[in-house]
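The structures considered in this document are given below.
Note that chain A is present in both complexes that follow, paired respectively with chain B and with chain C.
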Partner chain A sequence: MAKDLTKAVIEIGGARVSFGAVKALDGVTLAVMPGECIGLVGHNGAGKSTIVNVINGGLTPQEGTVASDGERLDRYSITIARARGVRCVFQELSLSPNLSIVENTRIMHRELGGFGWRGRAAHVIEKSLDQVFPNHGISSSQTVGDLSIAERQMVEIAMAFSDAGIAPRLVILDEPTSSLDASLARQMLDHVRRFVAAGGSVIFISHILHEILETSDRIVVMKDGRVVAERPAAEFDHHSLVEAMGSVAREDALHRSARELAAAPVVIRHQAAGLAFTARQGEIVGLAGLAGHGQTDLLLALHASQSNSWWPRSDSLVTFVAGDRRLNGVFELWSILRNFSIASLGDLSRLSLVGTADEAARGGEWKRRIDIRTPDMDNAILSLSGGNQQKVLFARALATRAPVILMDDPMRGVDVGTKQEVYEIIRQEAAKGRTFIWYSTEMDEVRLCDRVYVFRERVITAELAGDAVTEANIITASFEVAAA
Partner chain B sequence: MTPLSRLAGKPWIWSWIAAFVVWFATIMVTGGASTLGLSQAAFTFAAFSIIVGIGQMFVITLGPGNIDLSVPATMTLAGTVALKLMNGDNGMIVPGLLVAVLIGLAVGIGNYALIKALRIPPIIATLSMSFIVQSAAIWTNRGLRIKPPSFLADFTTSSTLGVPNVALVALAISLLAWVLLEKTVYGRWISAIGQSMAAARMAGIPVDGARFVTYLLCAVLASLAGYLLACFSGGAALNMGSEYLLMSIAVVVIGGTAVAGGDSNVPGIWGASLFMFLVVSMLNTYGIGAGVRLIMTGLIIISVIMLAGGRRTGMR
Partner chain C sequence: MRLRLSSDAVRLVIPALSLTILLAAVFWLQPRAMSYFGLNLLLNLAVPIALATIAQMFVMAVNDLDLSIGAFVSFVACVTATFLRDAPLVGTLILVSAIGVYALVGVVIHLRNLPSIVVTLGMSFVWAGLAVLMLPAPGGQAPDWVRWLMTAKPPLMPMAIVASIIIAVVAHLIVMRSSLGVLIRGVGGNERSVERAGWSIVAARAAAYGLAGLFAVAAGIALVGLTTSADANIALRYTLLSIAGVILGGGEFTGGRVSPIGAVIGALTLTLAGSFLSFLRISPDWQIGAQGAILIIVLALRLLLNRVEKRGARP
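Moving on, here comes the complex of A and B:
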């Protein structure tokens, strides 16, 4: 990294990008200097992912310039970006699930070709994994599809920081911690600081504001395709950052009202190894613990025990909100409306003919209620930003009549303002008697729950209720085997 | 959007354009003399491809790997057994039809049982099923050539108001299929399953039920086509279904249905079926020899698929 420290690694000048009528970027100027970590924040659809795509060469802006090391680049592309050491960790996980980690490494690094590439690729990725996530326990010969979503994300992050000839100079991290639990996120943030201290640059996108505040040197706030604030991180605090993003901070929303639910009837139960799982009517039950320790498996087991794959049921007990939306959430060919209505077609049809007027009315109602940002519900689902797609999945589940809602870490990539709105809806629905079973990797969300089960190594090891639901208790239970 | 640009965005439009161009090129050579005859023949022969093509389309909608290769054998068995039962007697038409449908149901159940219970991929399961069914057809037929009941023979070979009767049957089936695909909950289900089976399951869709019904439907439509074809051609033959293996798949693909599943349409099956017949008649009219004709048929099909390709996402 003997490059000039006064010239920007990448400098975007006045970039404009529109997708049809939607202005994704409206004149954005951004310079990334060597040895700094830029925190990039903004609501869903503010243009964060678009600017990232411009920087990594995936998208050519309709107007504006791209320069690197003081040299203007007229024909900028992914290949040129990679040759200059620009790396990207995508919000949508981008490894090939049918290949092993080593094989994916070979694809990412063309330089690894030739005889004996397996050995070289394994060396490169293992070295990087060891650096970023010490004691990760991932073998580089594993197939990516067999990894948990957290492990996949770890590999993806390690891949971006790995060096196979062309050293990484600018690493873009788009929601890198969304699937990681607190301790893994810590390891990654520490590595970001080490990388920056050694002269590398990082663009760090996250909705978890304290991560941004403590890791970045400079924070750039985007809104509606423009940069609305850009200051050193030290000049921001949690409150002013939320304000700059344009949403009013509602601190009180994080307080859980103590409710007496011991008398409510049990609506669903499950017994596996470890403590028994029960959920009562109107209760918000949290599933906590380190990421990938069996929480999703419990949700899938609950769903499987209540659904019939041969015969439709109009009075299903459970419905499901996916976290891994590309795997088991979104139907990519369909419009937003069809994605929304698929789980409640039974209510929207007569003699099994879908009532399209009812469907559109119900869709319009939920578009307003949960603020899905689209001009038309008939637009394709993939025209929405990731967070808005997640809102559609929420609306899909909430619009059913199912009394129990299973949530598989559904807030990944959802912005702060929307989260508050969804928390409010969850609270209202719970007050009406609906039960929420909520797996979350975010401590703030777990603390909203009435009762929390803590998982460790695929077993429920602790149950915390009421005032015992605290960060300290959950972390303690996540790392220690409960005295059985 | 203007009506024209909307039309251009439909995946089925290409098969219609192709069919029309080939039709026009053919009647140009003959100076318009055979226009009516050619059109009637096209609709008659296309009707059989349409019926089996619709069944195959529903199966292909279910997503990658889903295909029914037992279509030709089912047609043959249904045709031979029904003709044998009817034995040329006009009073036995309805029982013959019922037997054909029952054979379709049995094949469909067998197909899905192999796929689900034995976890065999559909391509292998339906192919093995087709060996069993074809052997059964050989066993029942034994080279006998029984004439169809005279009423059925007349019905399938004549026209009403200039439209071939078999095309009317195909039209009725197509309308039902269109309603099923576009308007019903079941249509939404199979499209969802074709896009992502995991997501469909988590959305509460009875995945196995919907897939089972789809394989049943495909087999029943194949048996129905076999029944009609046997009556149309004056008797069942053991190879009567063979050309419909490729045909049923080709019309689905040319018709603009996504091979990867989840996105299907009925009108495209019509355009593609007419096109498949018309290409052969055009090359015949031009007096091209058999070998060159087959090569040209292949090239033309490939170019239509390339034109119609470039999968458009969204907007459904």
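Moving on, here comes the complex of A and C:
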């Protein structure tokens, strides 16, 4: 696989990229050697996605060089990158939902063409799926749109590691585990180690720091478009990594203040198969368990039970923070302000006309309150980094008068600093009597909740409250085989 | 293990069902239609509509909409009834360059990032103008081979059905089975990922528009074969018929979800709906409205099925 173990698969030298006034990359030098896994960490907006785009050929730096196997490449492009075995799993899911898995494989591998390509493509992707995720249960003839979000991500990861003539030499994984549950993430990380042991290279981007720490050989920390630290993974620990990122995260911020809520009135309840679901005023209720085991369905059911599909209610009991930003969160063509105010236009209008002054004032207030990093709320929403877009979605929900806020794993792909800020806001709002129902795939977030329902196979199988909300208890409840 | 139908197969159920019901209703009202000759008479006007629907489907597969199909088919009909008969070489050349222009429109739409509706609406006036220049008054004559082709009497099945099956199979092979078809639908589904895999989106769009032009040319030729002469306004309603045909057949406006077999069935259904209403002796004044009602009923069924499908999607 590797041509020469002493020459870098890809070497970026002094790359500078700016978008208008924003310096996305400010002289980054990065060499990826064969047989190593590089962990790449940093805030949202630190330049991780930009350097990934430079490496995969999608973006030509305004200054700087790209070299591969000791040979300088002046006209670097996506095609050349792919021919050299550079593959990428992007943060947002990037398969064509209307095509089958086999057809998506055909799109990804240009060299698969010719008569009988369906059979070859099916073989390529099934082999890779079996290698990365044994017992995956995905049939390659399924249409991608029919798969769950976790299954799509599995396909996408398998796609990157698949070999259809040009072997993958450098696989870039940008937040690959964000939609996977713990056991699938484990399978993927194990495959990364196998791939690296066989001489392949991996660039691994994740906000889940223990994954980075245990999987990488070398960790590169980026901040404001620059590499601020680059050391072997063994020299970092959780704390020093967070420190290197310049994040303000404090360990004790993760601890939940114990609160007594048993007396508070129940604001919403739902009975499906399994345990009944209730939430009290001012409570933060977590929905945990393996990804895709029915947590989102509960949120949708709660939302459906409280809203009328024929006529919008002016004072809805619930509001929703979507997890899949691109799919059902952000209005991509609208400004930040419009994206923010859409949920509370009823409050901002008189005689059905939107009061623009009120709208701008409210927007400015929330911009300050949750620190949306933009010079102007009238900028397009897509000018923001992913984390800041998510903050706008939070602000949209919090600015309504709805007392219950449903959250569908909204922190996917958000950096640590932003998370802490949002956690703080959630705590403040909960103290004021708002109820949060929070589905999260991250253990740290689940532990912030007052009470947690654990899902298994689309049913609530356990309820943990107060000090019982621990990682061990949740994992036990998630994996425990139903007695019978 | 229960049988898991692919969502594409589920999408074909409604169009197939509505065609069957309409056909049964027509036979019940007019049993004499249940013959070789009767079926041909009922369905032969569906052949050009089916071809135009397939053309529209290619454009819709890349998330665009072609509002110039009707005018373009009229233009092709005029070329067929004049140049293609009198000077076959010139006629062929005109038609080939017209397909080229279609592909070029696709390139322009992509490169300049223009809304396809606006560009094709503009192009529809260009085609209509050219058609009027050629045939200011209805006239011309179909070339003999075209006439022969459209009035051929194959054994077992009437020409209209044979042609529909051939169109459906050819379009299915191109759109659903070939690499190019996958690429075109991929552009409709997720343009960015196709681009990241190193494909040229411009080429894919040009190919989709070029294929649309090719099928629209076939539609125009087939239409003249049936009507024997042409008129500059002969196919103006094809624009909306073709869009309705794609949607009836299980396609969608966005997302690259199209079905060639469904599109042909959709075109047949639309044609039959007209005959059905004539057999009911509904006055022509009400026919267009009644046709619309049939469309709405079928699409409502489709919506219902989509909901059922969605509910079943997360078991």
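In this text, the second predicted complex is superposed on the first by the 478 of 484 C-alpha atoms of A that agree within 3 Å, B and C clash if a C-alpha of one lies under 4 Å from a C-alpha of the other, contacts with A are read in each partner's own complex, and residues count from 1 in each chain.
Going forward, a contact is a pair of C-beta atoms (placed from the backbone, for glycine too) under 8 Å apart; a residue touches a chain by one contact, two chains touch by 3 or more.
Note that the structure is predicted; figures quoted are calculated from it, not measured.
Student: Superpose on chain A as described above, then tell me if chain B and chain C fit or clash.
Tutor: Verdict on chain A: clash between chain B and chain C.
Student: State whether A:333 touches chain B only (first), chain C only (second), both chains, or neither.
Tutor: After superposing on A, A:333 lies in contact with chain B but is clear of chain C.
Student: In the superposed arrangement, does A:58 touch chain B (first), chain C (second), both or neither?
Tutor: Touch status of A:58: second partner only.
Student: Could you tell me if A:380 is touching chain B, chain C, both of them or neither one (first, second, both, neither)?
Tutor: first
Student: Please tell me which partner, chain B or chain C, touches more residues of chain A.
Tutor: B
Student: When the two structures are overlaid on chain A, which partner does A:354 contact: first (chain B), second (chain C), both, or neither?
Tutor: In the superposition, A:354 touches chain B alone.
Student: Figure out whether A:148 sits in contact with chain B (first) or chain C (second), or with both, or with neither.
Tutor: In the superposed model, A:148 contacts chain C only, not chain B.
Student: Report the residues of chain A in contact with chain C in the complex, numbered from low to high.
Tutor: 56, 58, 78-79, 82, 88, 90, 94-99, 103-104, 106-110, 113, 117-118, 141-143, 145-146, 148, 297
Student: Which residues of chain C touch chain A in their complex?
Tutor: Contact set of chain C toward chain A: 6-8, 177, 179, 182-183, 185-186, 188-190, 192-199, 255-257, 313-314.
Student: Over in the complex, which chain A residues touch chain B? Could you list them?
Tutor: The contact residues of chain A facing chain B are 303, 307-313, 316, 319-320, 322, 327-335, 338, 342-343, 345-346, 349, 352-354, 378-383, 396, 400, 402.
Student: How about chain B: which of its residues touch chain A in the complex?
Tutor: 179, 183-186, 188, 191-192, 195-196, 198-209, 212, 258, 262-263, 313-316
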